[in-house]
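There are two complexes below, and they share subunit A, which is joined by subunit B in the first and by subunit C in the second.
Entry: the complex of A and B
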């Protein structure tokens, strides 16, 4: 439904104009569909189940099992994302069949490679962000507030609702320093092509820096959480 | 009526106390996130409609009024009907048995006893914003206001019917959460005037799944562009949905089998 809402807002805009904010009908529709794919693949996560596991004390079961805690959640994420892709294909196929929108099919190998690399970076960032926030359940009663805030930030400022380059330049530049645009906006723009070398290099540098920081933080917070954790009962 | 108001008040205060004592920061973050989501969408609409001048034939102020009306109805129904989101737990743990034993209508207990008073904080500026835009667009006439209030009540009645149907589904199948998500997803299509959708989707979300009636009709009534036959249709549909949902509630209650020991 979110996909339909965004699609029709833009569809309505392009009824009377050929180009808005530098986007044509085909490029904005492609952006919307790629953003929907990225929402399913990158943003869809079940890591947040961890909050309930910590709150209920079930997390203690992991401590006695011979499996890596982070590896377990990574494996589950992969399975879940495959599931999401199946639903996405069904949903978008129906949309394309019914609405027959103009689309840009990217055929340049370099663009597709960069797109795939950006998705991989986005997956790591999103996993770590959700994992770290979920781990705060070791210390606070309710971690759903920060999770909800992050989902709103990703949706609004990450490019889920609209490509963020339509925002004022100063705000856009600030946002590009945060991890949020690298989950939807940046990969979607790479798919569309037309980004300069410096923009691409800057984007991947930010992904790398955030990736390293978040991976380090994930391990540190998990370690601190387990040291803080205590469980009673059977 | 007075007794039920007292019961509602006690439950609402209890909910507020739990929120402030147990999960104060989490609740504040939820509140902040909602404001952020609201602000981001308004910001998007402003940027978009400033560049295009109109959206589906409406100017920027009118588009914002549609969005404000959507929020007014959505937040009001969420504020009063929040307990529905917790109904699954009552069913699968069997604590719904206690709803049936108490001298309070179980439907009232399942719908209204978890009202989220914190939503009221966001409702106040929203009402002020609606009044501001009514004034700005020179829509202040007794007839328009009467139509607006009537359509808001109609929208709330439809939202109430949907929530009752979700409760029925909960009793019959123990499934509540996904039904609520589907409902929330559907009504989110009303954040903008339904005129942006192409046919047959527009007809579908106006007359079959009455998102358009709930979310777009109040603003259209306020602008004086909603015809009387459509208003009458909306009222009849709301009454029909409410009546049907209450009948289904009775049906579901008869099939309730406790999950407790």
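Entry: the complex of A and C
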């Protein structure tokens, strides 16, 4: 539904123009479809149900058992993503079949490799961000607010609705230092190709640094959370 | 032999914030939050040997469950040392976690929509129990608990008693050496309570398991535990044999008398403290060292049809301990 909406907005923009913000009809349509794929694969997480588990005290059931806490959630996340991808393929096949839009099919191996690498980085960042915020439930009574706020940030600043390089240059440069654009915008751009080597190198460096910081933070917060845990509700 | 569980000066404090009622109270507590330390467990020490079955009793909020949670590695102690099977619970090492089981009567671990069997298989994988061992333990436990045909019914369709049995099986499939049972008989009817007690006793003997049991029902403790630990307001009030508690805490004996005819209760006051009285029956508590003197006096002054001298009921002693500590 959201995919259709975004698709038709851009469709009407391109009714009278061949090129907008340096994007052609084919490249913007491809961007939108790839972004939708990335939303299904990268965004969207079920880690957040940890919040309810912590609030109700059910998380205790886990803590007494020999289960790797992070490993459990990573495994479930992967299963969930596979599920999402199946639905995505069905949805997009239907769309392509009905609307027959112009598309760019990337065949360059290097681009596809970089695209996959960026997705892997995005997955780690998204998982850690959601996990850390969910873990705050150990301290505060309601963590859904921050989760909601972050999902909006990820959607908009991450490039789910539009490619963020159409924003003013200064804002764009600042955004590229945050983790958000690396979930959708950056991999989608890699798929389209045409980025310079320095842009790509810069992007992966930022992913790497954020990845390290967030993984470290996740472990630290988890550890602190266990210490603070009071196993409420008997 | 080293004790299986050893606890030394364990403390667990919770921080709770206070809020005055109402919206304005909410704003005030948001701007200037006041915290209160709740001393759930305040410096307790004890040792438990292998194969012991110890009863943990105390009123609501005494710190029983908190102690069990700290012992099973759920909670981080505020201070103090503890070891269970030579390991610190809070580190939650695999070698520790596969040795213990925490069973809470008010909390279920079974998958609500699936038959209990599915949870069992999941637990088999989590605890890495071999196929043969799994089947042996399962058939042994099902026989002891007389389940069998309910294992393939979705848990939501089971009665509370049946569910508790399945809970027990799922918590015991990995043959834990140490068991923490928190109110295992809560909410069960008398028959189911008795079944549960029989099972706990049998399990303790058959598997040489070390068990700590908390309960509100003195009947549970009386039947199962030789040793009890009484805890109140986070400190241990008594730790020792169940039968010794009478000696220690109760300086009185209870005299139950049937009289041949109706008498006036006022006259009994010289004998001792009248606790119950009805027409021609009286229950009188008398200090131990005066028991023969007072009984003689009673026999000489009244026409007595029947008379027994008993120790006070453990329930009464425990209640008195808690009440005098208020």
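To be clear about the criterion, the second predicted complex is superposed on the first by the 231 of 234 C-alpha atoms of A that agree within 3 Å, B and C clash if a C-alpha of one lies under 4 Å from a C-alpha of the other, contacts with A are read in each partner's own complex, and residues count from 1 in each chain.
As a convention for this text, contacts are C-beta pairs under 8 Å (C-beta built on N, C-alpha and C of every residue); 3 or more make two chains touch, one makes a residue touch a chain.
These numbers come from a predicted model, not from an experiment.
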Which superposed partner A:5 touches (first subunit B, second subunit C, both, neither): first
Touching partner for A:105 - first (subunit B), second (subunit C), both, neither: neither
Contacts of A:149 with subunit B and subunit C, given as first, second, both or neither: first
Greater residue coverage of subunit A in the superposed arrangement, subunit B or subunit C: B
Subunit B versus subunit C as contact partner of A:13, first or second or both or neither: first
First (subunit B), second (subunit C), both or neither touched by A:162: first
Contacts on subunit A seen with subunit B and repeated with subunit C across the two complexes: none
List of subunit A residues in touch with subunit C within their complex: 57, 60-61, 63-67, 226-231, 234
Residue numbers on subunit A that touch subunit B, as the complex places them: 1-2, 4-5, 8-9, 11-13, 16-17, 20-21, 99, 140-146, 148-149, 151-153, 155-157, 161-162, 166-167
Residue ranges of subunit B in contact with subunit A within the complex: 22-23, 25-30, 32-34, 36-37, 40-41, 44, 47-48, 51-52, 54-56, 185-186, 188-189, 191-192, 196-198, 201
Subunit C residues touching subunit A - in the complex, by the definition given at the top: 14, 65, 69, 72-76, 92, 94, 97-98, 100-102, 104, 106-107, 109, 123, 126-127, 182
